[in-house]
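Okay, so chain A shows up in both of these, paired with chain B first and chain C after.
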Partner chain A sequence: MSTNPNRTGNSAVWLGAHVGLPALVVIGFLVGWHLAVRWSGSDLFPTPLEVFYGIVELARHGLLVKYIVASLFRVSWGFGCAVAVGIPLGLTLGWFRPAFLAINPMIQILRPISPIAWIPVAILWFGVKDSAPIFLIFLASVFPITVSAMAAVQNMQSVYIRAAQNFGLRGFRLFRRVIFPAALPQIITGVRIALGVAWLVVVAAEMIAVNSGLGYLIIDARNAGKRYDLVVAGMVLIGIIGLFLDLLVRRLEKFDEVRWGYGQQ
Partner chain B sequence: MDNSERLIQVRDTWMSFPGKTPGQPIHVLENVNFDIRAGEFVCIVGPSGCGKSTLLNILGGFLKETRGVVRVEGELVAGPDPGRIFVFQENGVFPWLTVEQNAGFGLLSRSETERAERVKHYLQMVGLTGFEKAYPRELSGGMRQRVEIARALAAEARVLYMDEPFGALDFLTRLKMRNDLIRIWQAEHKTIIFVTHDIEEAVQLADRVLVMSRRPATVQAEVVVDLPRPRDLDASEYLATRDQIFSIMGMDAYGDEREVSLRAPALASEARGF
Partner chain C sequence: MRLGKSIVGTAVLWLIAITVLHGALNLQWFKRKPAGSARERQLGVGFIPVTCHLTCPVTDYINRNVEGHGFFQPLRFSGFAELKEMFLGRPEEMPATFILAPMAIALREQGVKIKIVHLGHRDGTAVVVHKDSNIFHPADLRGKTIAIPGRYANQKLILYRELKKVGLTFNDVTILEMPPPDMPAALQTRSVDAITSGEPFMGQTELDGYGRVLFQAKDAWPGFISCVLAVHESAIQTRRAEIQRLVDGIASSGKWIDQSLTNRLDAAQFVAKNYYNQNPRLLSYVLSKPPDRVTYSRLQPLRPDFEEIERLAKEAGMLNGTAHFDDYVDDSFAPDPEAIHVPSFQVKK
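Right after this comes the complex of A and B.
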């Protein structure tokens, strides 16, 4: 678009560094993978091309979109509930010292328990419906969000609070106009980490006898006839969608209201 | 000074903080007494860590004195007050708001048009016209301090408490900010209490300088700076006033003597007669 040769030059360099280099690495990886399968003579493990055909096959059967939507649906609910619970809870614990003292130890005990350990409990409580994996995803993502919101309030520069009190702000107005915006950059970082964890857990969560989703695809393809092309196809899809989810949340960090919180970029 | 003139009245005020060991509190202020008239520009100077900021925080309502009477505008200070705005050393401008949103922060109860008018007026006064939509991270340190001053002025603060507001700025910016602050003060008739460790700054700005002693600090001396503004920094009266304050603090105005006195705190306590 630009006629300025210097600018065009710069954008070419930018494209090269941000698209060209990663693409080279991916291509190198695919070639290495292909050669490794060929040389080892494995007839179970698929080549990249076989994985690609596997994805095409899924698409033909209408399963590709169905499974992706099913997984995203569960993650949306589990993660959405975690945001709805974690942010207010974390802010409250960060602001009210007695609440922090009372509840934080309990959180620190629950936090290190892997969501996978909760699978039997989830089945017991929710059966084999969609609510079981949603519960597991919620558990996995609620703690990073709570802890980051809590730390954000506790580590806030006191000068903001003092300035706001000086202008007569109290209670909810103080919270809405100063505490929340001051904590927001760190909360977004917590949300980003939590979404990564939520997507990570979807596979384990879908091992519960649900019959759709990318996690289900992987387990089902292995159990019903050792279709490793479909197993790897599921893995690849999970990776690519995870990348897009992260890019999506990263856009939140670009808003002017929070950019101050991320250092000089 | 008769009673009606006393905007700020500090009587027999003491302040201690709990120390590392219980029963051994750290005494920061002892027996502080002074008055400030409405419209006065008073600087508080003293050695680093002597409790100047503590005193200002007590006036501002952010700290409660251990003992004594602190009366501002006729009432005992019970907490921060929107009519008396603190300008912070570490800069209290909100980074998530634009310059104009920051300047209008104290005007939320006003109508949109009135707020816009006042913000425009005071941003112009502090020289930030054209930066209304900028965010603080895009501004220099001096400009951020201007935003904070504009925010206080726009909110119709009658008193400004300034805690080393230019301390983090470079030399030339500091000089410019001092001149601008005097100009604004003369136009707006505010009362300003300005804490600094920089004696030259105090003599350039103030009607009156309160010199604090080392900790536990008290008001050691009160120096009236009866010089016309804008102040001639080469005038012998200016230099004499400056040197007078230096000598009260147990040092003189040249070069490394400052360092000598910093290394030998005993000097200052001797001067206080302890």
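Right after this comes the complex of A and C.
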């Protein structure tokens, strides 16, 4: 540990700002929540402690890990497929104007349709296996990625292209060496938003008769009578995992290929 | 730091790891299949966790315990809409399902090749009001808001029938469609004046102390039918033996449930824990207080019962009246009530 008083002081300030302040807000929120439930006299809505015991109960029955793994599995594949389709599609549409003119209206029509509206179609097409929620998560996240990749290419400074062309770069090499790297920072922003959306729709996606997952936990707890502690436990777990996923994607911003884009802003 | 290789490698590793974990924890990939379980695709049977569908898990549980494996695959849904979509879209995966009787008839009217082969239960529905409300008689429902599970629910029909008896129609009340799991909370907060659905959601309001039964189906409409076992016609042609076995199983386990209060309480325990994921106390309550609140005998589909449903549903504007008993019922599977074998099954304690 450093003995430098300045550095110790700085790290204390950093800890206070990054851990202490958010922790204070969380504690304040929990206390407010507890008091609100007590004062309202509601025996339907759970207190934070009851929710905690609900999570402990899930862990004791071995369901906590199972459900988290199931939701992460569906989001990983749905989101992974969205990245694999969305980035190449967006880059293509951004670069080839006729393709953009032809396909963009269709994308803009499909984009505002909520994944919940797709549930009946997902069941008709995929039944009640994992493929149905994966499809819904894919649908929710593919459009933000496509649109951000498309916009990234379209909004790219033309000086990059002109300079590259002066150096004799053409075709695929121009695409790989200049266009893709130039668009990457904006694409990563789109990917980050899309991961948030993918995780957001996990409840709706798991409304389909899968028998595991955090979304399923919420639907199942509603069917289980007065188990609103488990409903809220599902919400809390989705929130906490969502936070970790966001922190993970933020790490992408530390890569050189992406950082230059943020530096410029 | 270089993005390309590290990110692709990590993503691939993550996908493999999470897939293997999901396979191991949730899909039982690495568990040995019990000896004797059929390798071919089992008959999928849809149900939702309500007492109207209780014979589905009870038949499966008894079979698993007596024979070591089930002969059909119970598929649990959260609501009728998803269940119906699966039946319509993937009849090869789920050719049989427990479903609301008017919904099955409406599907037949719309050209779906669905046949009711057996009943799921009788009675097991109540209209419940808040204990502090001033509703003591169906006539007091005038001007009130009543939650029902859906437009094709038999609960809508029993409500129509009782309102009609006191000279009221649906124009005199406000009908609200609401998923049954949300009904108890809606009644407690008095967002609605009355609720009606299958059990255990009505019993829950009594257990929690804020619900009062206005009337039980068994008193208002003895022998009331809400849900039936329906199959796709294509399965009747290609999987007749399996459907017969299913119907025999449902009929037998129904008789087993009704045989004694002990069997009812045992069923409440194992169904709540293994299939419904509900509080066993709640299921025990609705299956025993009183024991004839919902019954599982006399499950043969009978013409007069369905003709009454047809007539009332047409009057209430729920059905067109274009499909009739012979169109939507195939009673050739239903065993003779006297010949139904009651399994000598006892839950190990």
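One rule holds in what follows: the second predicted complex is superposed on the first by the 262 of 265 C-alpha atoms of A that agree within 3 Å, B and C clash if a C-alpha of one lies under 4 Å from a C-alpha of the other, contacts with A are read in each partner's own complex, and residues count from 1 in each chain.
Here is the rule we use: a residue touches a chain if its C-beta (ideal position, glycine included) is under 8 Å from a C-beta of that chain, and two chains touch if they have at least 3 such contacts.
Not measured: the values here are computed from a predicted model.
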{"item": "Fit or clash between chain C and chain B when superposed on chain A", "value": "fit"}
{"item": "Which superposed partner A:Asn211 touches (first chain B, second chain C, both, neither)", "value": "second"}
{"item": "Which superposed partner A:His34 touches (first chain B, second chain C, both, neither)", "value": "neither"}
{"item": "Superposed arrangement, angle subtended at the Cα centre of chain A by chain B and chain C, nearest 10 degrees", "value": "150"}
{"item": "Most chain A residues touched (candidates chain B, chain C)", "value": "C"}
{"item": "Contacts of A:Val178 with chain B and chain C, given as first, second, both or neither", "value": "first"}
{"item": "First (chain B), second (chain C), both or neither touched by A:Ala70", "value": "second"}
{"item": "Contacts of A:Asn166 with chain B and chain C, given as first, second, both or neither", "value": "first"}
{"item": "Which superposed partner A:Gln157 touches (first chain B, second chain C, both, neither)", "value": "first"}
{"item": "Minimum Cα separation, chain C to chain B, after superposition on A (Å)", "value": "11"}
{"item": "Contacts on chain A seen with chain B and repeated with chain C across the two complexes", "value": "184, 256-258"}
{"item": "Of all residues in chain A, those that touch chain B in their complex", "value": "157, 159-160, 162-163, 165-168, 178, 181-182, 184, 256-261"}
{"item": "Footprint of chain A on chain C - complex, ascending", "value": "1-4, 7, 11, 14-15, 18-19, 21-22, 25-26, 48-49, 75-78, 81-83, 85-86, 88-90, 93-94, 179, 181-182, 184-185, 188-189, 200-201, 204, 208, 276-279, 282"}
{"item": "Residues of chain B touching chain A in the complex", "value": "60, 62, 79-82, 84-86, 88, 90-92, 94-98, 105-106, 135-137, 155"}
{"item": "Complex interface listing, chain A residues touching chain C", "value": "43-44, 65-66, 69-70, 72-73, 76-77, 80, 119-120, 123-125, 127-128, 130, 184, 207-209, 211-212, 219-220, 222-228, 252, 254-258"}
